[in-house]
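Going in written order, the chains are labelled A, B, C and D, and every chain counts its residues from 1.
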Amino acid sequence: MPVTNKDILHWLQRSTQVLHENNAFLTQLDSAIGDADHGSNMDRGFSAVITKISGMQEADIGTLLKTVGTTLVSTVGGASGPLYGTAFLRAGMATAGKQHLEGAEIVAMFEAAVEGIKARGKAQAGEKTMLDAFIPALEAGKQAQLEQVPVTELLQRMAGSAESGMKATIDLLATKGRASYLGERSIGHQDPGATSSWLILQALADTVAS
Amino acid sequence: MPVTNKDILHWLQRSTQVLHENNAFLTQLDSAIGDADHGSNMDRGFSAVITKISGMQEADIGTLLKTVGTTLVSTVGGASGPLYGTAFLRAGMATAGKQHLEGAEIVAMFEAAVEGIKARGKAQAGEKTMLDAFIPALEAGKQAQLEQVPVTELLQRMAGSAESGMKATIDLLATKGRASYLGERSIGHQDPGATSSWLILQALADTVAS
Amino acid sequence: MKKLINKPGDVVREALAGMASAHADLIKVDLEQQIIVRKDAPLQNKVALISGGGSGHEPLHGGYVGYGMLDAACPGAVFTSPVPDQMLTATHAVNGGAGVLYIIKNYTGDVMNFEMAAELAATEGIEVASVITNDDVAVQDSLYTAGRRGVGVTVLLEKIVGGLAETGAPLSQVADLARKVNSQGRSMGMALTSCTVPAAGKPTFELGEDEMEIGIGIHGEPGRRRTRLTTAAEITEILTNPVIEDLGLKAGDEVLAMVNGMGGTPLLELYIVFNELQRILQGKAISITRSLVGNYITSLEMAGCSITLLRLDKQLQKYWDAPVHTPALRWGR
Amino acid sequence: MKKLINKPGDVVREALAGMASAHADLIKVDLEQQIIVRKDAPLQNKVALISGGGSGHEPLHGGYVGYGMLDAACPGAVFTSPVPDQMLTATHAVNGGAGVLYIIKNYTGDVMNFEMAAELAATEGIEVASVITNDDVAVQDSLYTAGRRGVGVTVLLEKIVGGLAETGAPLSQVADLARKVNSQGRSMGMALTSCTVPAAGKPTFELGEDEMEIGIGIHGEPGRRRTRLTTAAEITEILTNPVIEDLGLKAGDEVLAMVNGMGGTPLLELYIVFNELQRILQGKAISITRSLVGNYITSLEMAGCSITLLRLDKQLQKYWDAPVHTPALRWGR
C-alpha cells in the first residue's frame, strides 16, 4: 500500500505532537553541546506548520511538503530552520503533484531532502549533525527498496537506521554547527538535530504502520 | 589603681585584635539587618588606628583618644565612622592632658562619648543602635562610681551591662540607621554596632584586669 | 564568591584605576584620596556639584562626573559611605569660587559624613549647600525609620541640576532646583537575588527559587517584605502604584520614567518592565515624555529593578535635555 | 528560573514593545514582523546596514539602530537566529536604492538564514552584500569547526561602518571597510556563571563555586575548557594574550579596547579587568587610543566578560569618532 497524502498529513500531525512532547528533551540535549533552544525551535516551527496545513486536506503531497518547508524557514530560525526548511522544500519538489508515494518515490523524496540539507549546511556524514540520522536512514531505505520490501517495513527500517545513527552521534566529535566549538568536549553527547530527525522519521513509520 | 595611658594603648591594641577576629561575625550580623560591611568597616578603621598610634607611647590619654577619633572619621565611613569617631574625639576632649584616669574620670569620659554619639546620630536609647550597649554601660559606670568600687570592677560592670544591652537589642525594633528600613523584620537580630561597642568595652575591662 | 576581582580589599582602588585610564579625556582620578574629579575642574564661577556614597552602585556616582553633571564623586568602600576627608579634598579640587553643592543620598552614614565635611569646609570659609535625596517610597517616612532612602532620583537630579549649574546659576538657585527635583520624584525597587559584598564573601541574604524581595534599597539589603515571585506585569504594578500615589500623579501629567537594573538583570527584561510601566501609565493618561532604561544605580550583581518617576515641567525637561558628557551618560555633544 | 518576564514565549515581543516606546524618537518597531528600523528609513542614496541574530544579546543589535550605525535589526527568539522573512522585510524597509549590507555573525544558523534572505532579495533585484564577522580566537579556525564565531568586533564594526555609510559611500566601499574592520579585530570571552534561556527554564550548564569557563561565545554555551577560578589579573592575561598574538600586535600599535560584560557582571568588575588590560598592553607598548567598558554584547544574565582589541588606523578611528545616535551608543549629537 502506498503512502497517501492523508498519511503525510497524519505524519505531520504526529511529528508536531512528538516534537512538542520532546521539547524539553531536545533542549536538554542542546544545552550540553549547544545553546539550549533546539526543542523550542522545533516546537515553534511545527506548531506553525500544523496551523498552516490545517485546511489542506485535499492538497497533493508536494504542495503539503513545500508548505511545511516554507513555514519552517519562516518560523524556526537558527541552524535547524533553514536545514529542515530546505529538506521539506526539496522533498516537496521531488513529490510535486503526487497523491501517493510508492517505496521508490519515498526513497527519492528522502534523497532530495538529504541533498538539500547537505547543500544548505555544507556538511557530510560523521560531523555529528542531523545528517547522521538522515544519511543512514536514506541508505537503509535504498537497501530496502532493492529488497522490494513493503512500504511499512521500508519506513520501519529507515526509522531504525535513523535511531542507530542518532545514537552513534554520541561518540562523534562535532565539526559542524555550534557543537564544533566545544572540540573534544562535544564527544559523549547525543546530537539534538539527529534526535529530532529520528523523531520525525519514527513518526512517519509509526503513522504508516498504524 | 587608675587607668594609665599605657593601659589605653593596650586597650586600643586589644580592641584592634578583637575587632579583626570578629570581622566576619560583625559583617554577618550586619548582613541580616544592614549591608554586610560593619565588620570590615571596624577592622579597616582600627587597623589604621593601630598604625597611627604606634609611635605614641608617651602621649597623654586625651591626645591618644583624639587621634583615634580623627583616624576613625578618616578611614571608616558609613554610619559607624562618624559615630565612633565622634565618640573617641569627645572622649579625648574629656581627658585632655591626662596621664591616668580615676573612676570618676572614666565615667566622665564615657559620658562625653555617649553625648557625642547622641549628638551626631540623633538617636536615643532603645532604637537598636550602639547606644543600646553604650548607655547601659554608662549607667552601670555611674552606679559603680557611686558605690566607689575599684576601677577594675567598675570596668567589668560597664562591660557586663554593655553585653546585656547588646543582647537586648535582639528584641528591639530598629528605628534608626539602616536596620530601620526593615521595620518589624529587624526584630530578632542583634545589632552589629551594639556588638562592636560591647567588644570594645569588654576589651577595656579585660586590658585593665590583666 | 565568583567575581572578576583580585583581592577584596583592592576592588575599589583598582576599579578607579581602570576608570581613570578608560576615561582619561573626561575625568581625573586621585587614587590616593579616592576621588573622581572632572577633567577641567575647578571651573571659575560655576557652582560645583559633589556627590558620593559607597561603591558597588556603578555607574553612580563616578560615571556621572563630567560636563553638565557632577564635578566630583567620592566613592567609599563597597556599600560604605565615603569619609569626610574625601569630600573635603573633592571640595578643594572643584571649588571655583561660586560655592559647592553636596548631593547626598539619605542614609545615616552618608548624611553624617557629608555633614562633617560641610562643617570642615565651612570653617575654611567655603560656601557649601547640601541637598538630601529621599525618594524611596518603600520606606514609610515616619518617626520609626531613618527616613526614606535616596535612590533612583539621585541620578536624575545630578543630571538636571548639573545642567543648570553649567549655565553659571548661583548656588541658591542650584540648590533650590535640586530640592525641587527631589520633591518631584519617587522610586521603588525589588530584587530577584541578593548580591555579595567582596569583603563579606557571601550573599547578604538568601532568596528561595520562587521568592522575591519588595522594597529593597541599593545596598544588597533585604527589603520591606518577601513575597512569591510573580510576573513582570504584577511586579511592575507593585512597584509603580505606590510611586504614582505618593507623587499624586494624575491624568495629563508628564513624567520622566526610569526603569533601572540592579546590576544582574539583562536589558531584555528591563524593556519588558518598561513595557508594563508604559501600559500602566497609559491607562492613567500619564505620559512618559522622557525615559531611561538600563543600569544606572546598581547593587553589584543583584538581579532586580527599580522604577523611578519624576514629574516633569518645562524647567526640568529643559535641563534634562541639556548636553551632558560623562562616562555613563552622554548626549548633545 | 528567576526573571522579570511574563510568559517565556512572549519575552522577545514584549521587550520589543518596550524598546519601541522607550526609543520612539529613534526607531520604529514592527512587532508583527519582529524588526527594528531606524526612524527615518529608508534613506535615499545611503547604503543601508542590517544586522540580526538571536535575542538575549542586548543591546546588540536593536540598541544599535539609529543615526551613524544600523538601519535595521532583526531579533530572533532567544539565542536563535532570526528567519529570512525578517531580513527580507527589513531589507524592503531600509533600502534607499544604494544597496544593503548584511552584517552577519558567524554562526551556522545566522549565516544560512541571511544567505536565504540574500537569495530572495537578489531575485527582486536588490543589491545586497554580506560581511561575516568571525573574531573569536577561542575557536581554532580549521577544518574541524564551523569557523570562528562573530562576537565583540560586531559592535565596533556596526559603529565604524555605520559612520562611513552615513557619508554616502557606495556599497562596495562600505562592504570593504566592514571586511577590514573584521580582519583587524579579535576577541575572547569567559564566564563565571551560565545563563537561563527563558524557554528552557534552567541554566544551560552548571559551574562549580570555584570554576570558570574559558572561551565561551555569546549563547550561554559552555566554552573551550573549564578551569579553576582565578584572579582578574590572570583571567585578563588568559583572554588578552591569544588576542594580541592572533592580531600580531606589536609595540607602537594603537588599539580600540573593549571590555564587555556578559550581562550579569557589575561595571565595577569590568573596570578592574580594564585596569589589568591596560597594564598588559602598556607592558607591550601597545596604546589604547579608544575604549569601551560596559555591557555591549551579552548572554542574558551570564556573569563574565570578553575582551576585544581592534587595531586602529586613521580611517577606523575617524569613523569610530563620527557622531552616532542610537539607544545604546551615542556621541557627537
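Here, a contact is a pair of C-beta atoms (placed from the backbone, for glycine too) under 8 Å apart; a residue touches a chain by one contact, two chains touch by 3 or more.
Values in this document were obtained by computation on a predicted structure and should not be read as measured data.
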Subunit B and subunit D: spacing of chain centres that average the CA atoms, whole Å: 54
Intercentroid distance (Cα basis), subunit D paired with subunit A, Å: 32
Cα-centroid distance, subunit A relative to subunit B, in whole angstrom: 75
Residue numbers of subunit D (touch at least two other chains): 78
Touching two or more other chains - residue numbers and ranges from subunit B: none
Touch-based graph of the chains, sorted into line, ring, star, complete or other: line
Chain-chain contacts as defined at top: A-D, B-C, C-D
Residues of subunit A that touch subunit D when the two form their complex: 24, 27, 31-37, 39-41, 44, 73-83, 120-121, 173, 175-178, 180-183, 185
Residues of subunit D touching subunit A in the complex: 54, 76-85, 107-109, 112-113, 115-116, 138-140, 143-146, 149, 197, 199-200, 202, 204-205, 217, 219-222, 224-225
List of subunit D residues in touch with subunit C within their complex: 2-6, 11-12, 14-19, 21-22, 55-56, 58-59, 63, 78, 192-193, 209, 212, 229, 231-233, 235, 263-275, 278, 288, 291, 293, 295, 298, 300-301, 303-305, 330-333
